[in-house]
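As written, the chains take the letters A, B, C and D, and residue 1 is the first residue of each chain.
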């Protein structure tokens, strides 16, 4: 499956980009400290609002912080928020969705009701309200809140899938054989949902990163940390664009976009696996088909 | 040449259709040749995966990527004394001129073949008015009612959505639809698989009656050989993308030559004869991604011999029918030609 | 934007629409069905109202403190003790138990009374909402419709010939556009188009040289001022439609009825629109109805970037000022529109897909 | 520099008022034809929309310009040490040992509906606050009329320093308000004594019309339009010349550089950006720690960073916590120079207190004392200062200070749940008010919301000096007492003053000229203060050509 996933250029590009950002998140602080000899929070009073230079490859902020160092250490914070939100959100979605789909009856009704309540609530606004009070809150706290309020969307699809699986023959057979429901869910049903779950996880990850940056833009952030969202927010409040400080405003947004793009590209591959009908639509196949046709036409013309 | 004969409606030569995949490709139809005369019903029988559905879409030039026609020609002689055309060489635009007016299709599942969000009448109307721009709405409606009456449906059913109709009604409606523009050739892809036996009989009777009345030719594809015997004038048997035997319905049924035809015949109960013991064909159809060398049927063949896994048999006349089996005239050409040679020959034919 | 977070809400609609209709026999009559839907909506409304009431109040801080802090920040000094004291008297946390406050709130709501705003005391909340709502409805409404038309249109076109060069360029591109942080793109757009090129105003909902009302200069200025906000929303949200619609289109293309439509010799566009797209669009239409539900709450970031006088900004201000009555009113409105949109999605689905209609 | 987006109570004005206004009137009389045109002013309001309510008693958001519609009895000139100047009251006398002030009203003052201002109106206005603490509260205990043109205001004790409280009391017309509930009345047609009335309201702009019968003369402009703006877009609006005047947080340096017609005005309003030390709990209840931190901070560097977007540099603060720009005559000359960074002294203080630093943590008797710096995350200016202070403490003392933010910072500061915090302290309302911010009697226990002295400084000697100041009207004695209090402040270090600050104002001379000079103005130009704004507006004339 992994091999199939990696077959397309889109997925390969996505995975490469994503891996790059993961490395940045893991080794970022080490890189800034030992390779760049910079701190993301240190203020260099001799170089306030300075454009890119040898000392500050991406320039400095209005208070003299090194943008490059902020960008690198921001990777960890932003991705951590995305990861926590995604893991939590996907877990809740899987637990609620699969349980509802498999259990049916009263349990299903109750869980579906719960899901619908969460769907109806003004998600982002509530996240904004709550995280505003959590003392700024680091990326983990923000991620948890995003996850807690953002799971409902995916649950619905999982429930439908689990329901359709429930009536499939092999699951019915297992039930007849007296398999416990728990084992049934873990061994028989979950593997079939892996495509859905991974797509949901990836979507949740990007959603988490975007939500974190949106919250930072609204002023919900922990001042002792630096995330990409906080960087954009700071640069906006520091009038970076009007003062022509593009080196402060542009990089964090581009990084989020690139990270999102990498995940979106991976998602293309995951989608093609979970929906076989999409596979025929791949560019490589169509190209080959067109070539074959053309050569036939050429032969015909002769 | 049969194509020069005005009585020949369709002359397929060396038709090869491949499914292009990431690595290599699969030949779903391999060097298929046959002819259909005007007003004739040609049955094509084969197991699932034998390439008969691919043949249907290729015949009507409806194949979609990754399926590609890579060789052969389909000479079609439309009515009204028009010159014969090679469908393979036509553009989509040119094809549109022929579609439905000259050739129509009936698909396997009428439930899926009808647009679920359009009323039945609208699905008649759009095709009628597409091919006759002068037709008014009222006239199109009138014509729809006539067509539905042809297959025994009431005019009221034109106002229904497909899901509101029973399976048999839907299937009859698609047949009526196929006749809407007076096509010379109607290609039918297992139109009776989704309906019960009683309905199956009604539909077949309908087709025969309408053919006699309107004179169209039919290419009828099914896995059910005994059904073809009732319906078809001639029958072609397909196996692993190739035609292994062609002959009159009577000959195929009563004197099958190819071991596969024999096996196929033995696995279906006859419609009108006393029930006899049924037997299936051991084994399963080959994986076309890795076709067996030589005759594709040889791993399952009860009468195989050494040459069978080395030589691809060609379709050659044996008595009244044509058979592609080394049992007939095997000695002459054993081991002389591989599949490459066959293709070269096909290309030569095209080149003329 | 919040799209990836909430856009995946495939909709409560399927609940009532597709899933139920797909059941072979519907034993319940139309009335009990309607009744149970109504009961469900009422229940969800109540739960949402309750949560909307308690969640903000369980957080630390009070409106009084928010007002004092805002004053300090504005004036550069802490307000005089007497002022601080009076603010605490007026807007400090009431000493009534939370639960009786809650009952009071429910009672108020039952009379259609949304209370008085705290941050703009004593202006009734209903007045604030009345002033803000039209802006948001027009802004988000028009951009949602535009994004839908562009996105679904593109999705149909690329999905009609999947794998062609147009598809391989447009589909990834539109997806990538959707993951760029909305406010970042919006700020950039403001800088480029408003500040540098001067093509559009920087912020606001209308020109301050006009007086709101049914007069031409005002209406013309709202169009000009709405240009950039609408364009940025459309830009960052059409991608989601493209992707979904394309995949549905590709899936639909392998349906027999599309094949038959081609065989019928219908022109390509007729097959594409009348047969393939008409079926492939059904899920998008449901999602569209749901997107309309996100209308009220959906434009928070847009309205902040553009200082647009709508509901999003009202909410933002209310949250900053701990203005509970206003917050609650906005939340309530969001909840109600989402429910309404779901109801519409239910109904529209039944209208568009004859299969879900009851057979007589 | 600071975010300056708000409505302040009408406070100060400049110059001997009668003089300044008379000069203005004379000027406008000469060019009566110039009473046309509109001046666009950024409204001191962070909302993108205005509230259609001009109730002067509202404590929350209102329509803009309340402070140029309504006026107080007295004002103060923050450019001149915050001395009180007459406004609607033309003079006052003290009696009863400083307990009662009799204020004589200026003749010829009319409300915008044509009714003359009477002592009854003034008594009614002051009484409303006395009777209803929710309207803003009052420090006086009774008010009554004193003849046909005066009112007598009485306090419980000597109140020479309390008269300035009347600056925040808007004078309203009794007959209009007699039947209104001042708390809940939504006033859409305000009637006041100020030079402007509301002409047209829309959520994004409010147009005010200049009165022709204003007691102080006729303004040069026919209209004043308040434009709603936020920090996000104000700079652009300024740069395309669509706003003539604002007091706002922008990149003033680039604004002034862009066009010679762009003018910068610093309103030194007496504020001093300071690091608040929580004197109410360990470790900052120990003067040694306070001294150590104060010595460790380099406030010159901080001032420089804080001024990086201003065309001027804000001066490092006097260790007295008083603005050197406002109180230069009041500060003990030996404290006019800022405290210099002295790392050795800082370390010595820590040692004297028995503190060590272990693993980046301040430790005493084996117990680690974590230090948290609370800074509101929605105020980037304060946040930057906090970051620099944290960095300096780390570099000099090696102590790790945790930076904490969030929308709730204000609440935490008021309740004393912080170790360090940064804010604007001190004020331009006079020496007494400035020093009184650290009055121990205002300190409340930790956990209780403080309305003042949130650093919770308690010093009996300091409080005693303040009590003496309250009871004198003698300027020299005030100065002497003030210097004694300053000595205690410098020694005890209740806060770390960083630099003198003010409200950054920018004006555009394209349409209107006559703005106060950037350096050493006679009066402040500040949209947040009504009496100052009125003074500024009265000095303006239309630009020629």
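As a convention for this text, contacts are C-beta pairs under 8 Å (C-beta built on N, C-alpha and C of every residue); 3 or more make two chains touch, one makes a residue touch a chain.
The structure presented is a predicted model; accordingly, all values stated were derived computationally and were not measured.
Undergrad: Can you check which chain pair, C-D or B-C, has more C-beta pairs in contact?
TA: C-D
Undergrad: Name the chain with the Cα centroid closest to the overall protein Cα centroid.
TA: Minimum centroid-to-centroid distance belongs to C.
Undergrad: Where the CA atoms of subunit C average out and where those of subunit D average out, how many Å apart are those spots?
TA: 41
Undergrad: Using mean CA coordinates as chain centres, what's the subunit B-subunit C distance in Å?
TA: Result: the chain centres lie 53 Å from each other.
Undergrad: If you average the CA atoms of subunit A and of subunit D, how many Å lie between those two points?
TA: Distance between chain centres: 47 Å.
Undergrad: Quick check: what residues of subunit B touch more than one other chain, meaning two or more?
TA: 65
Undergrad: Among the residues of subunit A, which are close enough to touch at least two other chains?
TA: In subunit A, 132-133, 236, 242, 280, 285-286 touch at least two other chains.
Undergrad: Two or more other chains touching the same residue: where does that happen in subunit C?
TA: Answer for subunit C, listing residues that touch two or more other chains: 60-61, 163, 195, 254, 304.
Undergrad: Taking the complex as given, what residues does subunit D use to touch subunit A?
TA: Going by the criterion above, the answer is residues 231-232, 235-236, 239, 250-251, 254, 301, 304-305, 308-309, 375, 377-378, 380, 383-384, 386-388, 391, 402-408.
Undergrad: Given the complex with subunit D, which residues does subunit A contribute to the contact?
TA: Contact set of subunit A toward subunit D: 41-43, 45, 48-49, 62-65, 132-137, 219-224, 234, 236-239, 242-243.
Undergrad: Would you mind writing out the residues of subunit C in touch with subunit B in their complex?
TA: Where subunit C meets subunit B, its residues are 163, 253-257, 259-268, 270, 274-275, 278-279, 282, 352-355, 359.
Undergrad: Enumerate the contact residues on subunit C facing subunit A in the complex.
TA: Those residues of subunit C that touch subunit A are 1-12, 14-15, 19, 40, 43-45, 47-48, 51-52, 55-56, 59-61, 162-165, 167-168, 172, 175-176, 178-185, 187-188, 191, 195, 247, 250-251, 254, 297, 300-301, 304, 315-316, 319, 327, 330-331, 334-335, 338-339, 342.
Undergrad: Could you please specify the touching residues of subunit B with respect to subunit C in the complex?
TA: 57, 60, 62, 64-65, 92, 95-101, 104-105, 107-109, 112-118, 126-127, 130-131, 161, 163-164, 174
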